[in-house]
Amino acid sequence: MLALVYFIILAVIAVGAALCVLLSRHPLYGALSLIVSMVSLAGIYGLVGSPFLGVVQIMVYAGAIMMLVTFVIMVLNGAKDKRTPMFDGVSFFIIPSVIVLAAMVGFALMRAPLAFDSATVVGSVKVTSETLFNMASTGPGYFLLFEVIGVLLLSAMVAAIFLAKRHLGSVITDNTEEKH
Amino acid sequence: MTYLPLWFIPLFPLIGTILLGTIAVVSSGAKKGPSEGLVGTLAVLFPALSFAVVAILACTMPEAGLRETLCNWIDIPLFRADIGFLFDGLSRIMLLFVTGIGSLIAMYSIGYMHGDRGFARFFAYINLFLFSMIVLVLADSLLLTFLGWEGVGLCSYLLIGFWNQDIKNCKAANKAFIVNRVGDVGFLLGMLTLVTIGGSSILNYDGLAAFIKMIFGANMVSEVVLPLSLAGALIFIGCTGKSAQIPLLTWLPDAMAGPTPVSALIHAATMVTSGVYLLARLGLMFSMLDQVLLVITFVGMFTALWAAIAGLLQNDIKKVLAYSTISQLGYMFMAAGVCAFDASIFHVFTHAFFKAALFLGAGAVIHALAGEQDMRRMGGLINKTPVTACVMIFAFLAIVGFPGFAGFWSKDLILERLFVSGPIVGPLVYVVGLATAVITAVYMGRLIIMTFFGKYRGSKESEEHIHEAPAVMLFPMVILAFGAIFSGYLWADSIGITFFRDSMASVVGEAQALYAASNAVSHVNPVIFAALGTVAALGGMFIAWKVFGHARIIGVKGASTVPEGSAASWTFLWDYIHCAFIAGVNILAWFCDVVVEKVLQAIQWTLAAIVEILGDGASVLQVRKVRLQLAFSIAGVALLVMLVVFSGGLV
Amino acid sequence: MLLHLLVIAPFVAAILMVLNSRDDSNSSSRMAILMGVAFAVMSVALIVTGNQATAPMEWFHIPGTRGPVYYYLYAHGLGSWMVFLSCGLSLVALISARSTTGKNYRNFAIGIFALMGAMNGTFLAADAVLFFFFFEAMVIPAAILIAGFGGEKRITAALTFAIYTLVGSAPMMVALWYLLTIADNSLLLSMAVAIQSLPAEHQALVLLSFLLAFLVKTPIFPFHGWQAITYSEAPAPLSAILTGAMSKAGVFGFIAWVLPIFPLNLNYISGLMWLGLLTAVYGALMALRATDGKRLLAYSSMSHLGFAVAGVFSLSEAMLPAVLVLLVAHGISAGVQYFLMGVAERMTGTRDITEMGGLSGKNPVFSFLFGTAGVMALAVPGTAGFVGEFTVLLSLWDLGPLPALVGGFCLILSATYVLRFIQKVIFGKPAREYQEGTRTTALEGVAFGSMLVLLLAFGLHPAFVTNSLHLFDEATPEETAAAESLEGATAAPADEHPMTEDELRELDSTLAASGFSEEERAALMAQIRSMEETDSAAVQDSAVVDSLATDSSSATDTGSVVDTTVAAAAPETPAVETEKTEASENE
Amino acid sequence: MELQAMYIQVLALVIFAIGIIVAISRRNLFFVLMGVELALNAVNLSFVGFAKTLPAEASITGQIVPLFSIAVAAAEACVGFAMVIMIFRNKESVDADSYSDMKG
């Protein structure tokens, strides 16, 4: 019962914050609302028994990623874009169709028999790390995936640096561009 | 007793064709043509060799004829044909004069074609022609005859259009081939009818004869006479095409565009008589087809009369001879129409000599006058070219039927046979034939008078150059003149010589007996016909002398040799009728080209355009805005899901 | 092995050509011509060795169908000759193109080899899907070659050609798939069996889909829209291949696929026959008015093929050899005419025949070849064209005088337009001054000359062609397949029920359609009915064939008796071949 | 009334829908990226929610995969914002519709 109350509170916050993202004009406000939404989602993770995931959500998403977002928004001052309308014709076309689609999916979802399993495992640090790194019991699958994700992050970082640096206006790059 | 193989006969001209053709093609690139001596020798040698073979075979031939099957030609289900040769009384006569006159004319051509750039090519064509003609005559089946039949048509086309730089010659050649083709299709369909009646073996002449005899034996004439009549009529169409009878006669006058020896060889002596040959060859079949025979008689009659009248109006010396040829062929067809095949072949035989002589003489005249063909510019040539004049006058006497000359015997024979053939038709046809003989004498007399008598009407400069033809040309002419005088004595009925009839009897005797059996023949003294014929010839000559002998011949206005005024329409009436057909085809073609094709194209392109427009319409949806595309796709998914959900699919 | 070589090796050759230098057209032409000669020799070997088949290999499985698709080649008389045409004409095209394509020769040769491989596959495939695969594959290299080497409007021409023919055969693909969903496999016999189980309307629909593809490819009258522009815009050597070999695929399809598979009723047969004749007349009339030389040849080719189709649907006993000779003759003569037209175009720089003329004086060797080729196209006796047209006319005459008369009319028209063509191109005086292009080269001359000699040889001894026709005399591909026991019962019908009364009646009517007389039919029916008692299908099959064979031989006897006793309008000796097929269709 | 597994899914659905709407209907590039993040979050939530309906061992996977998806989202955000910087430098605009150089 208490869980439901908490859940409703967190869900209302999350949905409200998401709506704020939709309706805010300045990207910074949007980013802040997004952070709120993410934090409340992290709360829900904890509520249903995946505390480790909740923590990761706060640290990585609400912390690192959104930090990056706000940083970029503030770097590009022009992002406070006055000329661009918030919504246009496409928006008013898209909103009903997405809502209809969501309603349909919800309609279908409601009919599915779903219930929490009492024997489910709490996603603690211990369980997670054992699953990820104890290859003896779970096989090498997750571990490999983990390593690959690491490489992916590294390469994404390199790519980001390269992309952002490329257009800082170095003469050499200009020349190479002309060649092509 | 062993005989020379029959295939030797066509082989020699074929070798000649290949050799000369190779020479012609190889030397075509060179500046100077090949040696005329070599080419001329080759060109005369092969026909002469062929003639020698024919002569040897003719002397040693057994009564029943020689038969030889070379190999199989077509062998498919339903149809089988062999390549085989048949040498009997009929083909003997035909081959003798085809190869004989062919060799003579080849010799004459050496002189006539002297200095022409296509010397070798000309003789290659001549040899090819002789080959085809020999195959036509020697074949033992209709199908192989058809090979020669189209072959001679082809050679005629090639030779008429020999001087192909002039588009007029080409047009004449095309006309000849196409008109002939119409006849050939008739022939082809006739053959098909025959095959349908009695299987492929019936195309063989012996097979056909056996078939007909069997019909009589089984007494089933009435059952097959209708399809046989159809076949006969269709084959007769083929004959009218090749022999220039009504309605397919228009090509022969135009064919005079070719070199004169060609006219002599192909369009007077040999090829055009192949229709008569075919009728005689199929005599047994035709003898039982009364309706077809009647048609043949009347076609021959009208053609003879028509062409004779047309001949009166011509100014071109060769055209006069062309119409005269058509007219004489009409005689032959009349004779064939009353089943007098031996008489008709006899006329073919004599006609070959005197008409070839006339043409060669005309060629010599044209040669002497450096290409002038208009009789209105000739005259008085008897002093300048005496030999030519003599040859032509002898031939003239032969063609008008002056007593003692070849034409006299053969023409009178035909007229006699016509008269006795039946109660009403016979005399009618006889009278027309006699009248035609008078007209023949008139226009031939006109030709001789205008050419050789009176004063020279050409320009003064040209008079200087008039010269007698060289010996190589005169020699064949003289021989032919002898033929024109004496060839008639092979069958001089009035004085009791019937050698020719006897030699033909083995082939056509049966047919004629059959016909005679069904048509009562009353015997009339042949001397009466001879006398009447003589009167007709003399009368015609007299008229000609009266009318043209002293008349001042109007000087030529233009260079045209076309008959003037209404004469043109009178002469070429059949041309107009043909033109109507051609116009019909052209209108049909125009309709196809301009209407049907355009409509089809329009439909095709309309369809294409519709597809294109639809495509363009669809590409409007292919928006450039990524967001809109996404929106569309989501809306689409939503729609699909709604569809699924509300149609109860998921539940 | 030979079959595999003929189908696969051209593609390999095309790939090998890529290895050649792009710039050195001499070396690539030498290589291409050498390979072309090899293929021509192989095709001759194929004709000489007679019927043969490869071992069927499972190729793939189409979803929804019951049996697999085989990679299965089978050569019979008809197909072998078509392969000969395709290889021979390709060789001459490779020779002839040397003087026109210049530096791009290598690419041209690649296209030609690919086209040749596809054509060979079409003519040799024993599997319907394989046939269809190659049938469609032909279009692509041809269209690319047109687009790459054609005249001014080459892109339009290539697009028209590709779209028209591909759209035309699209319904066939659907129909084929539909047939495969009910047939055991995609071989001829099982499809023929399968079609019997369909209701009449479906049969008609499937038949029409098949017909459309072949009608477009041939092309027959209302579907000829692509032809004139394609043939006139394509480079002359390619036009020669297109008309000489590729257009034969349509007629080939009629003979090898439509006739054996579908139980045709009389309406279709006479309808198609008249359509063929209409095409023949229409093509001839269009050729009369054409001023573009290649367009003229295109229409003349259309006329001849219409005539051939009319011959096919005369369904006479003489049909198969007659049409084969006609096709071979037309393939060679139309091919050589196109090649020569290409030379003329090269020399005068125009395709308009009203602007040519006088070539006989300028280039006698060319004119000799050109004139001879024209004369041979006229079907003068002694050339192969005559044998073909005469025998086809004979087949048409079986149906009555009217079709034969129309055929005769076509012969006259063909004389008219060919003579006009010859006159305009080589006779007369040159219509205008022009820069004279490359003349006939020696190699070209020899190639064209040998084609003409071939025409003469086939004309004087058509047994060269007709003797190779043992299409139905020997084992059909299905029988071979059954002998090799693919899957036991693949070739046999799925459920062997005895013939119902309806089927018997149908068989009776088909027999009547193919010219059996009353008594013969009655005897045949009685035999079949008696054989219904013996239930074994295999026994039945062989017995039917045997009895038919004996029956037909006895019929031949009666036929010859009739010949001698002159019963009016003898019934034709029954068609052994068609009979067998029909019997197998009706099993 | 207890917390039902279905509620979590409905919440995920709602957030996902909002995320999609933000990503597509807003023209500002930042909002586009943020909408994507929102949608990703919703998916993670859905994963966890479903994982909780499964018995012991099977439920672990559902809680591991979001980890990876978060990591991927980080990478995506990293590259995405680098691109935003780049494009912004060229165009001086964050309007997504103004980036239509690749005509299609």
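Observations, loosely collected:
Residue numbering begins at 1 within each chain, and the chains themselves are lettered A, B, C and D in the order written.
Criterion: a residue touches a chain if its C-beta (ideal position, glycine included) is under 8 Å from a C-beta of that chain, and two chains touch if they have at least 3 such contacts.
Predicted model, so just to flag it, every value in this text is computed and none were measured.
Of the two interfaces, A-D and B-D, the higher number of touching C-beta pairs belongs to A-D. Distance between subunit A and subunit D, defined via averaged C-alpha coordinates, is recorded as 5 Å. One finds 67 Å separating the Cα centroids of subunit A and subunit C. Centre to centre, using the average C-alpha position, subunit B and subunit D are separated by 96 Å. Per-chain Cα centroids separate subunit B from subunit C by 37 Å.
The multi-chain contact residues of subunit C, meaning those touching 2 or more other chains, do not exist; every residue touches at most one other chain. Across the assembly, subunit B contributes 625, 627, 630-631, 634 as residues in contact with two or more other chains.
Chain contacts: subunit D has residues 20, 24-25, 27 touching two or more partner chains.
Pairs of chains in mutual contact: A-B, A-D, B-C, B-D. Those residues of subunit B that touch subunit D in the shared complex are 622, 624-627, 630-631, 634.
Residues 1-11, 13-22, 24-28, 30-31, 33-35, 37-38, 41, 44-45, 48-49, 51-57, 59-60, 63-64, 66-68, 70-79, 81-86, 88-90, 92-95 of subunit D are the ones touching subunit A in the complex.
For subunit D in complex with subunit B, the residues that touch the partner chain are 20, 24-25, 27, 96-97, 100, 103-104. Subunit B makes touch with subunit A in their complex at residues 625, 627-628, 630-631, 634-635, 637-638, 641-642, 645, 650-651.
Taken in their complex, subunit B has these residues touching subunit C: 25, 28-29, 71-79, 83, 143, 146-147, 149-151, 154, 157, 161, 164-167, 170-171, 173-174, 177-178, 181-182, 184-186, 188-189, 192-193, 195-199, 201, 211, 214-215, 218, 220, 223-224, 227, 585-586, 588-590, 592-593, 596-597, 600-601, 604, 608.
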